[in-house]
Amino acid sequence: SPSESDKNQVRVVFFANISHAVPIVGIENGYFADQLGDTQIKTRIVDSGPEAIEALFANSADLAYAGPAPFVNGYVKSGGQGIKILSGAAFNGASFVVQPDSGIVQPSDLAGKKIAAPFVGNTQDVSLRNYLTQNGLQSAEKGGNVIIYNIANAEINTIFAKKEIDAAWVPEPTATMLVDNLGGKRLFQEQDLWPNKKFPSVVLIGRADYIQKHPDIVQKWLVANQQAINWINQNPDQTESIYIKFYKIHTGKTLKPNIVHDSFSNIVYSSDIDAKSIKIFAERAYSLGYLGRNGYNLDDIYAKAAEASPWQN
Amino acid sequence: MAKLEAQNIVKYFEHDGKPLKALGGVSFTVEDGDFVCLVGPSGCGKSTFLRIAAGLQKPDEGQILLDNRPITKTGPDRIMVFQEGALFPWLKVRDNVEFGLKIAGIPESERREISDRYLDMMQLSKFANSYTYQLSTGMRQRVAIARALVMDPEILLMDEPFAALDAQTRDLLLVEMQMIWQKTKKTIIFVTHSIAESTILGNKVVVFTHRPSTIKKIIPIDHKRPRLVDDEALIPYQKEISALLRPEVKATEETS
Amino acid sequence: MKINSIGKKIAFYVGIVAVWQILSSANIWPNSVFPSPYDVGQDLWFGAIDGTLWIGIGTSLWRLAAGFTIAAIGGIALGILMARVKTVNETIGSIVLGLQSIPSVAWAPLAIVWFGLTDAGIIFVTVAGALFAVTINTYTGVKSINPDFIAAAQNMGAKGEQLVTKVLIPAAFPYLITGFKQGWAFGWRGVIGAELLFSFLGLGFLLNVGRQLSDVSQVISMMLVIMIIGIVIDGLIFKRLEDKVMARWGLR
Amino acid sequence: MKINSIGKKIAFYVGIVAVWQILSSANIWPNSVFPSPYDVGQDLWFGAIDGTLWIGIGTSLWRLAAGFTIAAIGGIALGILMARVKTVNETIGSIVLGLQSIPSVAWAPLAIVWFGLTDAGIIFVTVAGALFAVTINTYTGVKSINPDFIAAAQNMGAKGEQLVTKVLIPAAFPYLITGFKQGWAFGWRGVIGAELLFSFLGLGFLLNVGRQLSDVSQVISMMLVIMIIGIVIDGLIFKRLEDKVMARWGLR
Amino acid sequence: MAKLEAQNIVKYFEHDGKPLKALGGVSFTVEDGDFVCLVGPSGCGKSTFLRIAAGLQKPDEGQILLDNRPITKTGPDRIMVFQEGALFPWLKVRDNVEFGLKIAGIPESERREISDRYLDMMQLSKFANSYTYQLSTGMRQRVAIARALVMDPEILLMDEPFAALDAQTRDLLLVEMQMIWQKTKKTIIFVTHSIAESTILGNKVVVFTHRPSTIKKIIPIDHKRPRLVDDEALIPYQKEISALLRPEVKATEETS
């Protein structure tokens, strides 16, 4: 409702994944609160990029940390008007994990297999489907023989344990959990497939009209965002324990420190915006039919605030 | 004085896509205070005529004048008593009787007084708070008559109200009906398929022809009241009506 | 009911719980797949104590009530219009039948886009589930009214709103109740389905939490709650209403 | 139906599409929230061309068919048992009514745990949706059989399986059809709901894809497909079966 | 030779939780080839007695011997014709008639031959492929009788089979029934509420008392056949039965 966006508040959604350490630390260490003063901060944990975009579209959230693929999707679906990108947050931190006894060693082994990735249009989903297409495979709903399950990370964990799937393309810490707890084999990390071994995995995005209406709040948020990134890069151990605590509170489950440590070491935290990689995600999503069939353009993805941001390179 | 004057009423219905001429030009006059009985072969259009008089259906040609003004819509000045009573099963007997008064916005105490009077007249006081399914057919028919009388209509239109009754109840109501008429001085148009009934009740019997119907003859019945079922003086009238109807019924059978 | 039959029933339920407990104690399946009745009871107990259960029940019931009320009023209005106005029936009428065959959960994605993750969205799904059942039954009911009832009422002066409230609705009431019963069943399905998909408070949400945490005992305990609420609403409200109306109409 | 009425209907549908197109062209709401009929048509067209639509329809229908068949056979067997064996009715009978009031989607979480993300899981949800409607109607049907029919058949030597197949089932058939109709409606809801939650092929999955891609025109196009399948199954299969049986019983 | 021997049959029913004694010790004997008519006040237990004889219900005391062996279950040696016919509406006339033969596993060609014979006897050949709702009540009753006869039972148990028929059809069937009996030499137990019917059909009329019923009297009717409806020779029998029944019916009215 319009009255919600007029209030002196900011509503932010992010995931419980470790690649979302930036908002988690930013809140835990009080960076956002300190910057925003009496502006109220409301946070909500969602399961997936599509849910985050849904929340922005439904005007239930103002800012969101999400993957570049859902961002591109939301951007194109709203005719380039609805949402904008503000900053980077994290790079890398997704892996392709296979069952040890699945016999999968190369792409062609994936024919006839069952593979999970979180949610349609999610960053890992786009990467997985693109990977399949490039290797001449097709998913079942298009008549191919690879069955893709688009389900939440927690559920991927459950069905991987029950050996109902042969492989999973998942973010951290799920990937490491599959490896360390369930004996999964990490076939490769996603960054191995990218030039420079680096791809954006979490970006900060916002509702266009919120950014326009509250440039001051957004600006302050970006400052705190950078503070959190800096702190994470300087205090990896403490970041890990903050995340473990957060995860326990949010899901009621205790993560093993070594899993968090392994996951954490696969991720790079940075506010850089990797425009080229975002374009690659867009191309891939388009060829999967996710962005409609009438072309797309990414001319206007940056918020004015982001362009003015001192951390923009 | 002509209370009601039917002028050349024609009515068509559609059957299997083809038009069926039910009334083929019905004209007759009902005087104020008349008790007119309509008889005719089944399907000749008696009910249709009543509905047109009630304003519930429109004629295709002709018109019915009520106090010299053409009838255009239905209204509580001409209350119809339906063959099956058409009592509302979701209302108690009293509420059924008071229905029209309530619609007219009459306050409760007054309504109650009026309904009490007519329930009493119909010997239904004990059943005021019963639902209609708890009554016998004869009692239900009396409720329907009470419901019509409370409206104090100028004309009562009654469509075979006694057809579903057992002989005993009917004989009783035949006498009561005459008493009501004499007491209230209402104009009554009464459809029946029983020739005996028509001669007992009517001061005029209107005989319809077969379809498309017109009026074959109007027979005045001049005889003291109350007339009883086994009144021998009525037999000549009944014989005459019988003779008038026989060829009509036969024609109906042949055409349908 | 005879004592014997009550006894049988009690014995049967006790037996079910006992067999269930024995099966789960035998550890044929892991507890995470097949929890014991004790686990389920405990889950319910904790939910009751910390209030989540009551909040969940309250939320779902309020959404059901809101959605059902809208559907009932709208369905009756639409049904009467369809039955009495030929053009409405020939046009809208034909879509209503089609819309009725859309499962209410299928409305959820649209509701999310249109209403966001709000109560309004869930209520929309509930209305979409219940509305057409009420409409179709109202239509049938009004169509089945003895035409003499309507003629008699008009003859006695009823028209417009009075005709609707004093004749059409009461005369069609037995059908309306069937419509309410069907509508509530579909509406309840809509509420739970929407809450599962919206994941936004309510019993369906709690069910989804159980699902996402792979907490089967929570899943089963929520299903029990949903089932009991279903039985209670059906038995206490609609069955009674039906019995009452049927008795008044002399149908029983 | 008269020409006039067909004309009205066509005019009405054309009108709806026209108004829809005009509304969406007016850009009151963004295209992402309120797509035009052209967008929706295009989505359907692409789905039809690249095969996803047909695979989706085929998958959902096969699950429905499998689930419904199991539910019909199981429901008839259970219903007859309940009607003929007092102890079964006094025990299982009372749970069936309760289970019937659980929305079929509510079974989905349990089905996922028990059957995994498999066709079996979705079929389980479908069966859970359809079974009890068939059971309850079969029960009512068998209970409503003129006891003289059964006595006469027994008197002529029928017993056991012959009594069931030659008397109980045909005598209760009008009720069985009602049960089938209700059962299929609930089963169809179960299929779509389960596919939405399982996100594993089928029309419900495609609906979910539309949702997750915030692609409202895909959502609406899938709803149209679901609706049309509903109308076709109801109208072509069940309506015809009903008409046929009713005609044979002399009820029409 | 005693074909069937009822020995002190007692039967209770439950009403409102209280036991109701319907049969209070019924004993009588049916000889082979008898045509026995049972008459008695309504609700005295005639149908109950037939059902017990058919093995469809169990007595609470006493037993019925069939060829000196107690009846324990139902079976096609004693075929019952129900008051409403109990024809199966989902089967065509021929399939209804052949139902019992099919159950007995008789091959199709043989079934067809048998059903043809009885459909012919009942003048129903033209309607073999009709559904039962397409028949008039009288035709339906004849199908029910044909369905019973094809089973070639030793005993026919008929429960007011003519009650729902119009007078004309009934008179016809009354004659046919006697012819069937004479032709087939079957033992028939026939319940009726019509005293005339019982005297026309029976060679014995068994009069039941009111509830709890016992046998009041057994009246042999010795008279040539076929007996017609207006046969004056039957009037004394009818008067006697009437006189026997009157106090019973009165007692029934007072207690119920």
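Letters are used for the chains, namely A, B, C, D and E, taken in the order the chains are written, and counting of residues starts over at 1 for each.
Please note the rule applied: a contact is a pair of C-beta atoms (placed from the backbone, for glycine too) under 8 Å apart; a residue touches a chain by one contact, two chains touch by 3 or more.
What you see is a predicted model, and the numbers here were worked out from it, not measured in a lab.
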| item | value |
| --- | --- |
| Touching subunit C and also subunit E, the following chains | D |
| Shared interface partners, meaning chains that touch subunit A and subunit E | D |
| Chain pair with the most C-beta contacts | C-D |
| Chain at maximum distance from subunit D, centres defined as averaged CA atoms | B |
| Interface residue identity across copies subunit C, subunit D - same or different by half | same |
| For subunit B paired with subunit C, centre-to-centre distance based on mean C-alpha positions, whole Å | 48 |
| Distance from subunit D to subunit C - Cα centre to Cα centre, in angstrom | 17 |
| Rounded Å distance between subunit A and subunit B, as computed from the means of their C-alpha atoms | 82 |
| For subunit E, residues contacting two or more additional chains | none |
| Overlap residues in subunit C, where contacts from two or more other chains coincide | 112-113, 211, 214 |
| For subunit A, residues contacting two or more additional chains | 54, 57, 155 |
| Interchain contacts, given as pairs of chains that touch | A-C, A-D, B-C, C-D, D-E |
| In the complex, subunit E residues that touch subunit D | 51, 54-56, 74-76, 78-80, 82, 84, 86, 88-91, 99-100, 102-104, 131-134, 147, 151 |
| Touching residues on subunit C, where the partner in the complex is subunit A | 112-113, 115-118, 199, 211-214 |
| Residue numbers on subunit C that touch subunit D, as the complex places them | 5, 8-9, 12, 32-33, 87, 90-92, 94, 97-110, 112-114, 185, 188-189, 192-193, 196-197, 204, 207-208, 210-211, 214, 216, 219-220, 222-223, 226-228, 230-231, 233-234 |
| For the subunit A and subunit D complex, residues of the former touching the latter | 48, 50, 53-54, 57, 73-74, 77-79, 81-82, 119-122, 140-143, 147, 149-151, 155, 159, 162, 164-165, 289-290, 292-293 |
| Contact footprint of subunit E on subunit D as seen in their complex | 146, 148-149, 151-158, 162, 166-167, 170-171, 173, 248-250 |
